[in-house]
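Chain naming follows the written order as A, B, C, D, E and F, and within any one chain the residues start at number 1.
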Amino acid sequence: MRKLIAGLRQFRSSYYSTHRDLFEQLAHGQKPRVLFITCSDSRIDPNLMTQTDIGELFIIRNAGNIIPPFGAANGGEGAAVEYAIHALGIEQIVVCGHSHCGAMKGLLQLGQLEEQMPLVYDWLRHAEATRRLVKENYAHYEGEALLEVTVAENVLTQIENLKTYPVIHSKLYQNKLHIYGWIYMIETGEILAYDPETHSYVHPQSQLLDTAQQDLISDAAHGNVPPVA
Amino acid sequence: MRKLIAGLRQFRSSYYSTHRDLFEQLAHGQKPRVLFITCSDSRIDPNLMTQTDIGELFIIRNAGNIIPPFGAANGGEGAAVEYAIHALGIEQIVVCGHSHCGAMKGLLQLGQLEEQMPLVYDWLRHAEATRRLVKENYAHYEGEALLEVTVAENVLTQIENLKTYPVIHSKLYQNKLHIYGWIYMIETGEILAYDPETHSYVHPQSQLLDTAQQDLISDAAHGNVPPVA
Amino acid sequence: MRKLIAGLRQFRSSYYSTHRDLFEQLAHGQKPRVLFITCSDSRIDPNLMTQTDIGELFIIRNAGNIIPPFGAANGGEGAAVEYAIHALGIEQIVVCGHSHCGAMKGLLQLGQLEEQMPLVYDWLRHAEATRRLVKENYAHYEGEALLEVTVAENVLTQIENLKTYPVIHSKLYQNKLHIYGWIYMIETGEILAYDPETHSYVHPQSQLLDTAQQDLISDAAHGNVPPVA
Amino acid sequence: MRKLIAGLRQFRSSYYSTHRDLFEQLAHGQKPRVLFITCSDSRIDPNLMTQTDIGELFIIRNAGNIIPPFGAANGGEGAAVEYAIHALGIEQIVVCGHSHCGAMKGLLQLGQLEEQMPLVYDWLRHAEATRRLVKENYAHYEGEALLEVTVAENVLTQIENLKTYPVIHSKLYQNKLHIYGWIYMIETGEILAYDPETHSYVHPQSQLLDTAQQDLISDAAHGNVPPVA
Amino acid sequence: MRKLIAGLRQFRSSYYSTHRDLFEQLAHGQKPRVLFITCSDSRIDPNLMTQTDIGELFIIRNAGNIIPPFGAANGGEGAAVEYAIHALGIEQIVVCGHSHCGAMKGLLQLGQLEEQMPLVYDWLRHAEATRRLVKENYAHYEGEALLEVTVAENVLTQIENLKTYPVIHSKLYQNKLHIYGWIYMIETGEILAYDPETHSYVHPQSQLLDTAQQDLISDAAHGNVPPVA
Amino acid sequence: MRKLIAGLRQFRSSYYSTHRDLFEQLAHGQKPRVLFITCSDSRIDPNLMTQTDIGELFIIRNAGNIIPPFGAANGGEGAAVEYAIHALGIEQIVVCGHSHCGAMKGLLQLGQLEEQMPLVYDWLRHAEATRRLVKENYAHYEGEALLEVTVAENVLTQIENLKTYPVIHSKLYQNKLHIYGWIYMIETGEILAYDPETHSYVHPQSQLLDTAQQDLISDAAHGNVPPVA
C-alpha cells in the first residue's frame, strides 16, 4: 500500500502536471470512442498497450473477459455495455482475451473449482459455449495448444453473447457498431485480431487494408432495409 | 480503430522493447498484490494513477465500482473477488470511486433510467443502500455536493457488501486482508482515502503514519480467538 | 370437451387404423429430423402445414416463438433445445413466426400488459432486442406494417439467441446444424423464409436452388479449422 | 428440409384450398376453446389425435409437458398460460403426458443428465415432486411399469403446479375453469383420462356420463361464497 | 433492551427452574409434532395461544405467513418446510393468518409499496394469487370486510402453494400429512379453522367430531394405489 | 391436533380473559420495539424466554436464523426486515442462534444434504461465509465445540448480512438502530450476548453497564457527518 500511495504522489507531480489541460477538460465529461472488454488479469493494461490517453477507452474488466448473454446475469457487464452504447454513443467494441488466462485454465478443469471457488465455477457457466465447443472439437489438443484455442474461441463466444443485447442488436442492424475480437499475447506484447472473412486470428495491421471493402459488404448484407417488404 | 492499431505497434517498439524481461517473467504467472475495483469510466487508469507496472494490480471495472452482496448477482464481480483472494492470495483491496461518476448521477435520478437503460437501472439496485442513505440523510444537498457525497457513501456501501463474501469474511477474521476506500478526483488527479477512525476521507499520506498502530487495534478486536470459549 | 373426446375416438378408427404400422414403430423411439419452434397460437399446426407425419417434427411452442438467450431463463425452451440437439441428434431448426401474432402485438404495447398480464410482460423481455430494433429503426411504421416487421425481426432475434446455446454453438462450428427463419402467413397459408444472403424473406422454393452453393460458402467460412494455428 | 418445403406447397394446394374460408376467418383472430399442454415429442400431434381443426387448440409444448409452479420459472410456460386464460378467455385445460416419454425417462435417471444435458437436468427440477413421489412410493417398480406410473403422476404434479397461477386460482374459484389430465398411449393411439373421483386413469368416454353430476359437486364445494361470513 | 435482559433473568428463575427436566431432555433433540406457519406480527405467540410447551411447535414466521410455490423463492420458507417434513418427520402443518394483518393490507394497496418498501412489494408477489382472486371476485367489498376475506383467502393460497413441494406432495399421497388453515382473531383471541367440506371457516372444535369420517374419505380418494394399473 | 385445539380453548379461558384490555388495544395496531430473528427450532419461544407480552417482539423464524445478504434471496426475510424497520420504526434487532442447532449441524456436513434435502442445501448457501470461516480457522475443532463455534460465528455472519439492507444501512448511519447477537443455550436456558469490544460472547447483564459509554463511541465513529466536507 505504501508503494501505491507513493505512486499517487508521483503521478500528480509527473503525468498530471504535464497533462493538466486534459484533466480539466475531462472533468466536464468523458467521450470515449471504444468499449474495451478484457480480463481482470494484472498483466493487462489496456491504455498502455494501445498507447491511448485517459478518456479514450471505456473499460469492463472481469475474470475471463466474459459477457453473459442478455438476461443471463444481473452483474455489471450488461449495465456497462448498455451505458457505453446508449449513454456514451460508443460505436466500437473490443473483446480482448489473452494468453495464459487463469479463467480459461479454470474452464478447462471446471470440476475442480466447484468446492474451492464456487463463484468462479458459477461464473464460468457463461463460457459454457466455449467449453463445449472446445471439448467436442479439440479433444486431441492438450496443454498450451488447448489453452490457446480456448482463449481464442472464448472471445468469439462472448461476441456472440454481445449480439443478444438489445442496444447492440439495434446498432448492428443500423451498421453503426463494430465488434472486434482480440487476443493479447503476454510474452510478446502482441495483439492478434479475429478476421471473420477467414475465421482466423491475424495481425491487426493486415485488417486495416480491407476496411473500406469490408464495410461495403456488410452494408449489402444488412442495409437497414426492412426484411419484409 | 486505426489509432488503436497504431498504438499497438508503438507499444511494442517502445514500452515492450524496454521491459522485455518483465514480460517474459510475467508469462510464467501473475503475482499482483492489490485487487483494484473501480468504475468503467474512461478517465480512470489505475496503473497510471498509482504509477504501478503491469503485473501489480488485479482489476475489476464496471459502471459505478459496485460489488453486489454475496449471492445477490451472478455477474463477474463475485468470481473476480473470489479468484483474487483465494487463487492469487491477494491481501489488499482498493474500492475506488471517482468524482463526476455517471453511474452515481444515474443513481440520483433512477426513475429516468428504467425505460432507456433498463440494465443500468437493474444494476444500480446493488447501490440501493447508497441511494437510501443519501436520500434519508442528505435531503438538503443538491448538485455537485449531492453527487460528491453519493460517490463517497457508495464506496463505503460496496465495502460493506464485500464483507459478505465468504473468502473475505474468513480472511478479515484472520486479519489477513485490508480493504481501502478511495475517491479519485478527476479534476485534480488526487486521491482521497477513507479513514475509519474519523469516518471521513483524508489524504492517504496522512494514513501511512498510523498503520502500525491501526494494525494493533484490529488485532485486538478480532484476534483469531474463538468467540465462544 | 365432448368434441375432443369424440375426436379421439374418430382418430382411432380413421388415422390410427390406417397407420398402425407407423405407430408400432414409433413406440420404439422417435427419430425426428427437425426441431420446429413456433407460437402457441391455435391457428398454427406444424404437421399440417408441412404435411409431415407424426414422428418427423420435435416441437416447442410458446407465446411468440421466443427462445431466451442461454442462461436467461429456466423455462422449458433451453431444455427442449438441448434435448433435440444432444439426445436426438437433430440437425435442422426452424423458428417459425406468424402474421397477426398476439404476442408480437403485445410487444408493441408493452406498457399495457404489466398490470393485467405480468407474466406475459416478463416473458416478452426476451424479445426486447426485437422491440428496441423496431422502435429505433421503424418509428415511421404503424398498424399492420409495423406488426409485420416486428414478427419478421423477432424470428431473427430468436435465431441470434439460439446461437448462444452451447450445444448449438458447437454444432454450428462443425457445420452440422442449420437454422431457418420462417413466417407463416395465416391468411394465405404461405411460408416466407429468411434469406441471409439478401437479408430478406423470400419464398422457400427459391432457396432450394442455392443450397449446394450455400453450404460451400459456410464450409469456407467456418471450416472446422482452429482459429489460432 | 426439401421435404418440408415440398410439404408446404402440397398443403397450399390441398388443405388450404379446401378450407380457404376458415383461413380468412382466422386471419381476423383466434378463438380457441382449449389450452393443450403436451410434450415436444415428435410422435404427438394434438390436432390430429383430437381431430380438431386449426383454430381450436392453443398449444404449449416443451420437454415433459411441465408447467413450473407460479414464480418458479421465467420461461414461456407461465406467459402462455396467462395469455390463454386472461386474453383468450379459455376455460378448459388439458395436460397431456404420453407413454415412452424421454423426459420422464430422464427424470428417473437424473444424475446421468447433469454433465451432458445440464439444461434438461435443471428443467426437470420442476418435476421433482413427481420424482420424489415415485421414488418414495414405487420403490418396487421398474422398467416400463415404473416409467408408466411416472408419466401418470407427472401429469397430476403439473396440474397441482397450474393451480398456483393467479389467473387459474381465480377462475377455479369461480368454477369457470376445468383442468383435465390425459395420457396419450403412442402404441395404441388411445387416451387415458384422469378421474379425480377414483384417483385413476380411465377411458375418457366413461367420464362424459358423469359430467352434470360432477359439476354439481364442485359447485357445492366452491360455490363462489366468501369463506368468512 | 434492558427490559429483555431483565426478562431473561426472570425466565431462568421462574419457568426454567420449574421445567428443568424438560430442558435437559430437549437438549438431546427436538420432536415437534406440528409445523406452525404464521405471520411475523408481534401480536401472535403460537405457543401461548395453543398453550403448548416448548418443543412442540416447529415455527416459520414471515410477513403474511406466505409460502412461495416450490422453486419460486430461495428464502428460508422452503428449507424449513423440507426440514420439518423430511428431517423431523412432522405430519401436521398449520398455516395461520390473522385479523388486521399489515402484510395483507399492503397486498390490497400494492402500488404504494414499490417505492418505499420494495422488498415487501416483491415478497407479496407470492400472494398474487390471493390478490387476483380477491380483486376479481370481491370487487364490491371494502374496508374491514375486504381485509378479512383477503386474510382468509391467503391462507388457502398458501396451502395450495405448499402442495407443490416434493416432500409434501409425496406425504399427501401417502395420506401421512394433514394441512390446516387457521385465522387468528386478535380482538377475541379465537381461532377460525378452514373446513374443506363446506369451504368455510368454522370453530375448530366442530371439526374434531368429523375426523375419523374425514380420514376414511381421504383414504378412499388417494389410497396409495397406483393411478395406472 | 386435538391437543392444540384444546389448548386454544384453554388460552381463551385463561390468558385471554385476564388480558382482555391488552388484546383490545392490540387490535388497533402493533408497536413492537424489537425485531427478533431466530431459528424455527421448536425448543425456542422468544416471548417466553424474554418474558415479554404479546405485542413486544416482531419475529422472523427460519431454519438457522439466517438473513441472506440484500438482493441474494427473494424469500420472506428481507421483506420482514424492511417492514420492521420502515413501517414499524423498530430500532433494535436481535439475531438469536441457539445450541444444538440442526441447521448449523447441516452446515457442517453440507455434502450429505444435497440429495435428501436440496432446499435446505440451497438455503445454507446463505451461511457459506460461516462455513468457510469455520473451516479455515477451526480445522482442529470437532464435535460439540465445533458446532458451538459455528453457531456463534453464524450469528455474526448474519449481522454482517443485515448491514447490506438499505433500510438498515441508513438507520445505522443515523445511529438509530442497534443490532445484538445472542446465543440461546437450550440446556441452561441462558443467553450469551456478543460483545463487539472484546469480540466474545458474554452474559448480557455485563453489557448493560457499558451502554452509555458504548453509544458515545459509536456516536463518534459515525456521527451523521458527511464523510466528504
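Quick note on the criterion: a residue touches a chain if its C-beta (ideal position, glycine included) is under 8 Å from a C-beta of that chain, and two chains touch if they have at least 3 such contacts.
Keep in mind the model is a prediction, meaning the values are calculated, not measured.
Visitor: Chains shared as neighbours by subunit A and subunit F?
Guide: Expected: B.
Visitor: Working from the CA atoms, figure out how many degrees subunit E turns to land on subunit F, in steps of 5.
Guide: 180
Visitor: Determine, using the mean of C-alpha atoms as each chain's centre, which chain is farthest from subunit D.
Guide: B
Visitor: Per the centroid of Cα atoms for each chain, what is the distance between subunit D and subunit E, given in Å?
Guide: Comparing mean C-alpha positions, subunit E is 31 Å from subunit D.
Visitor: With chain centres defined as C-alpha means, what is the inter-centre distance between subunit A and subunit B in Å?
Guide: Centre separation, subunit A to subunit B: 20 Å.
Visitor: Would you kindly tell me how far, in whole Å, the mean C-alpha position of subunit E lies from that of subunit C?
Guide: Going by mean C-alpha positions, subunit C sits 45 Å from subunit E.
Visitor: Indicate the residues of subunit F shared as contacts by at least two other chains.
Guide: In subunit F, the residues touching two or more other chains are 68, 72-73, 118, 128, 165.
Visitor: Which chains make up the ring, listed in order from subunit A with subunit B immediately after it?
Guide: Following the touches around from subunit A to subunit B and onward: A, B, F, E, D, C.
Visitor: Could you list, by residue number, the parts of subunit C that touch subunit D in their complex?
Guide: 1-12, 14-16, 23-24, 26-27, 29-32, 34, 40-45, 47-52, 54-64, 66, 68, 72-84, 86-87, 92, 94, 99-100, 102-103, 116-120, 122-124, 165, 178, 180, 186-191, 204-205, 207-208, 211
Visitor: Considering the complex alone, what residue numbers of subunit E touch subunit D?
Guide: Those residues of subunit E that touch subunit D are 68-73, 125-126, 128-129, 131-133, 136-138, 148-149, 151-153, 156-157, 160-161, 163-167, 169-170, 173-174, 183, 192, 194, 199-201, 221-229.
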